[in-house]
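Take a look at the structures listed below.
Shared between the two complexes below is chain A, which pairs with chain B and chain C, respectively.
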Partner chain A sequence: MTELFKLSPFELNAWMDLLIAAGYPVFAPVFEEGTDKDNLYFKKIKKWNDADIGKLKTKRGPKELFFPINEDLFSYKYNGDGFTLEDPEIEYEPFIVAGLRPCDTAGLDVIDKLFSWDYKDEFYLKKREKAILIAFTCPYTDSSCFCTSVLGKYPYKDGSDIMLTQLKSKDYIVEILTEKGKKLLSHLNKVINPASKEDLKELKKELDNIDKSIKKIKIDKVKSWLENNFEDDYWKNCALECLSCGICTFVCPTCHCFDIIEDRNLDKITRRRTWDSCSFTDFTRMKVHQPRQEHFRRWRQRLMHKYYYYVNNFEVIACTGCGRCIESCPVGINIMTMLSEIDDKGKKLKAKA
Partner chain B sequence: MTNIYKPFVMEIIKSFQETPDVKTFRLKFKNDEIAKNFSFKTGQFGEYTVFGVGETTFCISSSAFQKDYIECSFKKVGEVTTALERLDKGDEIGFRGPYGNWFEIDEWAGKNLVFVAGGIGLAPIRSCFLSCLAQREKYKDITMIYGARSVSDLVYKTQLNEWEKRDDIKTIYTVDPGGENSSWKGKIGFVPTILEKADPKPDNTVVITCGPPIMIKFVLKSLKKMNFEDEQIITTLEMKMKCGIGKCGRCNIGPYYVCKHGPVFSMAQIKDFPLEY
Partner chain C sequence: MEQILREKVKELLKQKTIDLFIGYSISDPDKNTYKPFFITDPRQVDKLTYNSYCFNNLALYLTKDELKNRYKKIGLLCKGCDARAVITLCQENQIERDSVYIIAVTCNGVYRDNQHYEKISKDNIADKCPGCKVTNPPASIADEIIEDAIKDDKDNPVNMQSPISVWWENFDKLPNETKWLYFKAEFDKCIKCYACRQVCPLCYCTICIADQNLPRFFSKSSDASGNAAWNIVRAYHLTGRCIGCGECERVCPVRIPLMKINKRMSQAVKEFFDYEGGLDKEAPPALVTFKNDDDENLFHG
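For the complex of A and B:
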């Protein structure tokens, strides 16, 4: 379903505030106090004015709203006779995430597959089920964006319930994409103005312009090269500067690896999951054996996982081309460059064969 | 909610020190309903919780036809296994499972079975072996070749003796040279050497092997020499695990998650795996 209509910034503001007033928790990009002023994070807002949708990307994307950095799995205590275990008390209520970019919703679509693979991870899936996603197309793009090379023509729409695009006139074209999204319309305190033919033309122009501004790289030979070149020397010389700091995986909207730990308190012990990273040296360390000791093995795992293993298991690339890892890496390692190099190798291989 | 990470409480109803650093626990669910509904297939594993310490991965080492309890045997190596080793009969632990794939023992009907195990590798093999013995009539010859570093490193000694007495199976036990003692009546030599001497024939035969990587490597060489095909050789793999259910992203070897696509693999599959495990 698609329904299109038009809203002025003022009307948008009123709509969002009405949703908040109606009791929806609304999460949107806001500056986190006390940190670098450039960093936006998804936080619960009290009024739409607190949201900052003018800046392109949040530091870490929206995955932490569904898969928190730390999450209690259950707790237990000894009651004198034996152990009793308790689920964490979580109330799953409908909530709204507004101000996502198309690539943000794509990231969630990617990890949905993992968390519903055979064993359903309700901690994640229940939140996903309750969430209503309002995406805003990008006000501008930057040199680290390459989403269209992975996700196809701009904008990726599948993950959003509602998508808004601001026109030159500052008015928004609102696309209602799902039933969930449609429900929010009842909170719109005005007569809905359908988008005119002119508006739609402008919308298309706007989206085409964004599409054109995004860097295009070729990745169609990447997977076939990865499948056949685990032992290639390329790996030994790639990402030599990598510090194994794991930032690239923490900011990534599709990285989902976690550790499971015990938080010991006197009266109650909690088992918790906490984000982990394949870049960390201990990730696969066992007592007598560590299969990924050298760091190139860990970088190889990261790339292979995203562009080959995940595709095999879930038929989708575990990367959205959001460019966050490129922006955040302290030593400037660039996955876009690596993908281009690998695609070139893939082409040469094909040419030889 | 259905909480896939929350274990069930089990009681240790029997504890047995197999070797100085290997222990076996017999476990029973505290909740009768769960006990009644529980079943597993041989080769599957579980996540075991030492309350207050953490979780760790072991195969279920008892027969899949044993409905009253499950058993696990573990070697004391690190944090969780050291804490587990201190527990005893009457203590409680947590268990989630069964997870992973299994030995397709019904597909082996009408075949000869050769089990080749080293050290604590006998744990998964024992589950498979016992499950096959429970339907002995389905198979032709069954051979068990088991070796350990020394006599004191042999696990399941009581059962080894029982198996030796049966006349419907062939057992060959061995210890590494220098690991024998004065009362040792079995063979002396490394498992691959003993396997070659036993000289099982590849026709209509499945080999199931588990043990330390170095043993597996040479067992494979020996089997090749004896003209076994990769498809006939079944083993289990280990990778570091946390969740056991394909979520935490830790246990993959190439595109294969050991916790989901494994731990049981045929050599024909493993042959194509990237060498990173």
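For the complex of A and C:
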């Protein structure tokens, strides 16, 4: 379903405030305070004015709203002659995430596949089911964006319930994409103008402009090269600058590796999951062996997982082209350059065959 | 300066004096970012650049096994910070001085971010830079020196008083409880990505205490107690060693003001032992040296 309406910035503001008043927790990009003041994070807001949707990207994606950095699974206590188990108290209630970009919602769609695979992850899926996602198309793009190369023509709509695009006139075109989204619109107690033909023309122009401004790289041969070149010398020479920190995976909207650990607080022990990263030296380390001791093996795992294993399992690339890893890398490693290199190799291979 | 550097590196690589040179190249022209650049082929020297946007401390690569095993002699571009790191690594027997070839360059201070600036000034210089003693790296550590004249006057931002010291002058007057609450709130933000450790030229332990799990010293999850433990352990481990390059603070994705901690610890070591890390290759490091007249007040707090 798609229904298109037009809202003025004033009406948008009123609508969001009405949603907050109706009791929906609303999460939106907000600037952090203190030393971290340049970074945006998804946080619960009290009024729509607090949200900042003018800046392109949040520092980390929205995944932490569904898959937090630390999540308690259960806890246990010794009570003298045995253990008492306790479930964490979580109330799952509908909530709204507003101010997402198409690459953010695409990231959630990627993680969905894994958490609803052979094991249905209750913690993640229940939150996901209750969430209503309001995406805003990008106000501008920058040199680390390459979403269209991965997700296809701009914008990626599948993940959102509602998508808003601001036109040159400052008015918003609201696309209602799901039933969930439609329900939200009913909170605005007034007649809303459907978008006119002129508006739709404007909308198309706006979206085409964004599409044009995004860098395009070719990645269609990447998978086939990765498939056949696990032992290639390329790996030993790539990304020598990499420091094995976890920034790229922590800011990534699709990275979802976690470790399960136990934290003890006096007599109560909590089992929780916590984000892990394939670039850490102790990633997948076992009692007797670390199969990815050398740095290049972990780096290879990162690319293989995103552009080959995940595609094999779920038919979707575990990358949304948001470019956060490029922006945050302490040593300026650019995944776009690497993908282009690999794609070239793939092409040459095909030409030979 | 860039041109002289390129010529020298070309020469060194051609003559096989070095097998690898680590310098800087542009990363993203649109965002004005620069990155470490590894060069083995003399034909690539034209990509080498050096300016005040070259933030990375390159000395950290000297202790990486992947590079040590592969290249016999590594050439390194050293600004003051990098040179201090190399000196400390030599003091701590982590590298053989003969296995590196050091080209020392003058540094006028680096910018605080990647915006386009014309010239370094007190408004755009990184907080770590004012008060720097190594704008020209110590000659004793260099194999080659490419010098640039530095204006030795008060207007030169590197000669200003360090803003971090100024901050501490006021902050130190607060009660301990308030100070602790400030840093606790900062540590709470930590997401344990360990970029601070990985980017630090002096964090070279093969297995970090944070990665040990038999036994685990502190939690892997980024909860409050584990975060504070990690950041405090790291601060202690760097006390008297930190050379103030500020890389940890620069790369921190949640902007924990790590340099405030490191600078204060260095200041304490200076007060008690009259020692600063990474200035003299022959000096015995403060915290591994015992002297009969060491100041006992250190233990009384």
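Before moving on, here are some points about what is shown:
One rule holds for everything that comes next: the second predicted complex is superposed on the first by the 351 of 353 C-alpha atoms of A that agree within 3 Å, B and C clash if a C-alpha of one lies under 4 Å from a C-alpha of the other, contacts with A are read in each partner's own complex, and residues count from 1 in each chain.
Convention: a residue touches a chain if its C-beta (ideal position, glycine included) is under 8 Å from a C-beta of that chain, and two chains touch if they have at least 3 such contacts.
What you see is a predicted model, and the numbers here were worked out from it, not measured in a lab.
When both complexes are superposed on chain A, chain B and chain C sit side by side without a clash. In the superposition on chain A, A:305 contacts chain B only, with no contact to chain C. Looking at the shared chain after the overlay, A:245 reaches chain C, while chain B stays out of its contact range. Of the two partner chains, both chain B and chain C are touched by A:259.
For the combined arrangement built by superposing the two complexes, chain A sits at the apex of an angle of 90 degrees to chain B and chain C, based on C-alpha centres and given in steps of 10.
Touch criterion met: A:328 reaches chain C, while chain B stays clear of it.
Legend: residue contacts after superposition of the two complexes on their common chain; A:275 is shown touching chain C, with no touch to chain B. Contact with chain B, but none with chain C, is seen for A:284 once the two complexes are overlaid on the shared chain. When the two structures are aligned on the shared chain, A:296 is found in touch with chain C, with no touch to chain B. When both complexes are overlaid on chain A, the residue A:117 reaches chain B alone and has no touch with chain C.
With chain A used as the common frame, chain B approaches chain C to a shortest CA-CA distance of 5 Å. On chain A, the patch touched by chain B and the patch touched by chain C overlap at residues 259, 261. Remark: chain A residues 32, 34-36, 38-39, 59-60, 69-70, 142-144, 240-241, 243-247, 250-251, 259, 261, 263, 272, 274-275, 277, 280-282, 294-296, 326-328, 330-334 touch chain C in the complex. By the touch rule above, chain A contacts chain B in their complex via residues 73-74, 76, 78, 82-83, 85, 87, 114-115, 117-123, 126, 230-231, 256-262, 264, 269, 271, 273, 276, 278, 283-288, 291-292, 297, 301, 304-305, 308-309, 312-313.
For chain C in complex with chain A, the touching residues are 27-28, 30-31, 33-36, 38, 56, 60-61, 66-67, 185-186, 189, 191-195, 197-199, 207, 211, 213, 219-223, 226, 247, 250-251, 253-257. Residues 1-7, 9, 30, 51-55, 77-78, 92, 94, 238-240, 242-243, 245-250, 252, 254-255, 257, 260, 274-277 of chain B touch chain A in their complex.
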